[in-house]
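In structure tokens below, several structures.
Each of the next two complexes has subunit A plus one other chain: subunit B in the first, subunit C in the second.
Entry: the complex of A and B
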């Protein structure tokens, strides 16, 4: 025990001696959280629009006005030719080009049939389909209105079936509630993994590991003293990140915070053991950093931070079963936002504990007191 | 010149000796492109739904069958009360619930039926999508049962420009290229240079007859080559596996690639002049550069939707401009006549960081 105490003191001294590391550990994550939570949104707030009106009829003007009155369409230009519109799209100045062909209104009146053309910039495919969905809904709406007016139809009788949608746990569909806890997970993971991965390999690179190896400390003592400081920093980071996130974005905390921290405690063991493992199998800090970067990127991309795991293909979902970040990502949102209790997340606890046992054994097993 | 060649040879040996690093340098982009191409998607498929059917009549069964007949939803058990539904949400068993009131068929005939859709909005985007899909299916059902089809007078003809099949990977390939270039060029260079400082070998290099400029050029040239090969690899994957188009000029793209790599390298050199340990260099590159590059460059999230301070901030990310350039050339088929401004910005980045590095470098020697 005494040995571990001394080793711990040494580690903490080393960490805190490095003046540049402190802001990196404590300030940067907070700043990141603030920036990223605001940046991470798939919402489409503005649709930049150009109109090519070859009809110049009251009907085409009415439809144009209806679109513009919705608030999220910004009229960027009225163009005289398709080429002009295409150029604007090439310059990324518009997302949508709306074309009324000549005879739009006449066709509507005479043949009950008219066409409008939508050209959507579809580099971002999902944004394009949302723009199409919005615009088409408005056009259909306009269509119904005009039909009623022209044909003097009576008010439509009530539909036989109506749908009432209720959004539980987040009535306003506030994306910040969803993304903030997720980003806390990412920050804890990155800080924990990178710091441990770089730590042992640094001693190797500088040569101080030899000095440690010739001392009588045991493997376990060594590993405990290497992991514990970062575990404490990680837990602190978690509390700090959540606290700042709560203060600024005020996401709801429905469930039990101790439950969350209990999970984080086990989760950090997994992350740190993986970091240590990387540290033992690499020779330079550059290598260690790249290997951990590789895993962190894959882990994060497959964790469901931005895109739901449920939407992934079958094979990818099987892979995510081995991704520790996925479990924490799900659990933090379940506990904080939905108030899930232990019986709901028992599986998550089981899996992460198993992962902790496996990864720590691997780390102990791989570490050799020889170089 | 000969000195430089020898020096570069030494650097290459350093890099190639380290097989693991190389493996990751080329493995990571491949893995990322495949993940983005196949795994990461916002398309809803087989969303888990639970049904609380309080009528069990012909009509309600028809409605449930209709919903389950689509690819969007998959039945995940039935519920008997709200507690069942809430428990299912909390354990993640289902993502939405459909509540059908008692006496559904009769109410439907009298035009007063109402079903409830309950959604787990802890993932708000998903909840919104699912609500839209489910309401759409239910509205269709209603129309069919009524045998009433409103005539659609206005037909919308839609053309998805640049990406008719709406492939997500088209958006991600330019992003992955950019991120990888930043990793290799900025991160690795800053670490490689700081490493010499930390190990003390920088002093040895500086007292050698090589001029400081030559040393820096010798250190970064191999990374320029590596970055370039990497970019070509990712582009190759995009073309062959995902059938990405190449609408514009290839030579222009290559030129822009090289420009961006030089910009990233100059940032890496600048970081290394400012830091003394590899850890700090790495942390700065990662947290101050990589995350913002990924998030503020328009790689994943649209910049237009961000609050204005972030939109403003995104302008100091060289990655943002490079992604616009790559998309412009590959997908939109435009040339310098459109992209001259972005190209100038990247040139400006190169200028600023090179000048700053040179200034810092000489000060440090004095």
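Entry: the complex of A and C
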């Protein structure tokens, strides 16, 4: 115990003497949250729209006005030809070209049938489908209005079945509620993994590891002294990230915060042990950095931060079963947004504890004082 | 192992794949003698030393260091030795006193003992004004002397010095050797690798390693007489040029 005390004092002194450390701990979370939460948006707000109106009728104008009044569209141009519209789309100036063919209004009046044409730029597939969905909904709504008026239907047609939906746990589908906790997970993962991965290998590069290896310190003393400081920093980072996130984006906290921290405590053991493992098997800080980036990128992209795990192909879902980040990502959202309690997330706790045992054993086994 | 020997190696061997870095060396080092471990770069000195200090697992052979077996009692060996590696290996981002406290603490010294000893070292090296400065800011000569002082801080039985005076000016080298002598007089056995032949003359006994084998082992005077040379440099060249 006494030896660990000396070693810990050394680690903390070194960590806080490192000039890059304080910005990493305090500035990185704020910047990441501020920038990424706003950037990683799934909302489509500013759809750049061009209109090719070959009909110039009250009906085409009505539909145009209805679209523009929604606030999602920005009218970039009224074009006179399809060619002109295509050019704008080629130049990436518009996302959507809405065409009213000649006889649009006449068609509506004569035989209740008219066509509008939507050309959507699908460079970003998911944005394109959202634009399609928005625009289509608005046009359908317009349709219903017209039918009611022309056929003198009552205002509320007595349709036999109507769908009323409600989004549970995030009623307004505010993506910030969902992305901010996710980013806190990423933050804790990155800080924990990178700092530990760089630490031991740095001592290898400088040569001080040899000096430690000829002393009688045990593996356990060494590993505890290497992991505990980053565990504390990781837990602090978690609190700091959540606090800043709450202050800026005010996501709901329905569930138990202690439960969240209990999970984070075990989760960090997994992340730090992986970092230590990387540090043990690599020889330079550069190698350690590349290897940990490799893992972090896969972990993050497969975590369900952006794309729901359920949407992945089955083989990919099988891989995510081994991804610690996935479990934390699910759990933090369940606890914060839904108020899940221990009995609901017991499986997450079991899995992450098993991962902690395996990874720390691997790290202890791989680290050798004698080569 | 007789009473007075602190290192005893028999057929000590290290192979890396098909390359034999240390080829069945045997020698003993007596308590309190300054033992020079000579050889060209790549002769296997550092490898042999790393096996003796428990940094490397030997391939075969036997060795006892400070009375303990290198195969089974590496941890006991580590309590009883000090080591100063080729690379400077104190913590540059800790101060002089913090380095001494860390290593003193690791070897189980009490805080008063550490303070006492640290004051002695600071006094002896005349580095009072440096004591709370980061080691990184020390001149190289001081760094080397400090590294040696830290290596013997916990009063080990043996101190292993791997080319301790590389890149150091002649005056500092001289002072360094005075420290080695003082340590030997205090009962700490210095085991020194070097390729400075003038330093070989300072040792009580030297071994000359060529291509993993010990080609000669005796006092400098006896070696010079045997090979009919004026100085150790000539002895070394003779042995290194005509191995076997």
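Remarks
Here, the second predicted complex is superposed on the first by the 358 of 371 C-alpha atoms of A that agree within 3 Å, B and C clash if a C-alpha of one lies under 4 Å from a C-alpha of the other, contacts with A are read in each partner's own complex, and residues count from 1 in each chain.
Here is the rule we go by: contacts are C-beta pairs under 8 Å (C-beta built on N, C-alpha and C of every residue); 3 or more make two chains touch, one makes a residue touch a chain.
Please read all numbers here as calculations on a predicted model, not as lab measurements.
Judged by the touch definition given at the top, the superposed model places A:220 against neither subunit B nor subunit C. In the superposed model, A:306 lies in contact with subunit B only, and not with subunit C.
In the superposed pair of complexes, A:366 makes contact with neither subunit B nor subunit C. Put subunit B and subunit C next to each other and count what each touches on subunit A; the higher total goes to B. Contacts of A:65 after superposition on the shared chain: neither subunit B nor subunit C is touched. In the superposition on chain A, contact of A:316 is made with subunit B only, not with subunit C. Once the two complexes are laid over each other on the shared chain, residue contacts for A:18 go to subunit B and to subunit C alike.
Contacts of A:148 after superposition on the shared chain: neither subunit B nor subunit C is touched.
By the touch criterion defined above, A:81 reaches neither subunit B nor subunit C. Shared contact residues on subunit A (touching subunit B in one structure, subunit C in the other): 18, 206. Across the complex, subunit A meets subunit C through its residues 2-3, 5-7, 9-10, 13-14, 17-18, 206-208, 210-218, 369-371. If you check the complex, the residues on subunit A that touch subunit B are 18, 20-21, 24, 28-29, 32, 35-36, 38-46, 48, 89-92, 108, 112-129, 132-133, 135-136, 139-140, 142-144, 146-147, 157-171, 173-175, 177-178, 190, 194, 198, 202, 205-206, 282-287, 289-291, 293-294, 297-298, 301-302, 306-308, 310-313, 316, 330, 333-334, 337-341, 343-345. By the touch criterion given at the top, residues 53-57, 74-75, 78-79, 81, 83, 85, 87-94, 98, 101-103, 105-108, 134, 160 of subunit C touch subunit A in their complex.
The touching residues of subunit B, counted against subunit A in their complex, run 18, 20-21, 24-25, 27-28, 31-32, 35-36, 38-48, 86-87, 89-92, 95, 108-128, 131-132, 134-135, 138-139, 141-142, 145-146, 150-168, 170-171, 183, 187-188, 191-192, 195, 198-199, 275, 277-280, 282-284, 286-288, 291-292, 295-296, 300-302, 304-307, 310, 313, 324, 327-328, 331-334, 338.
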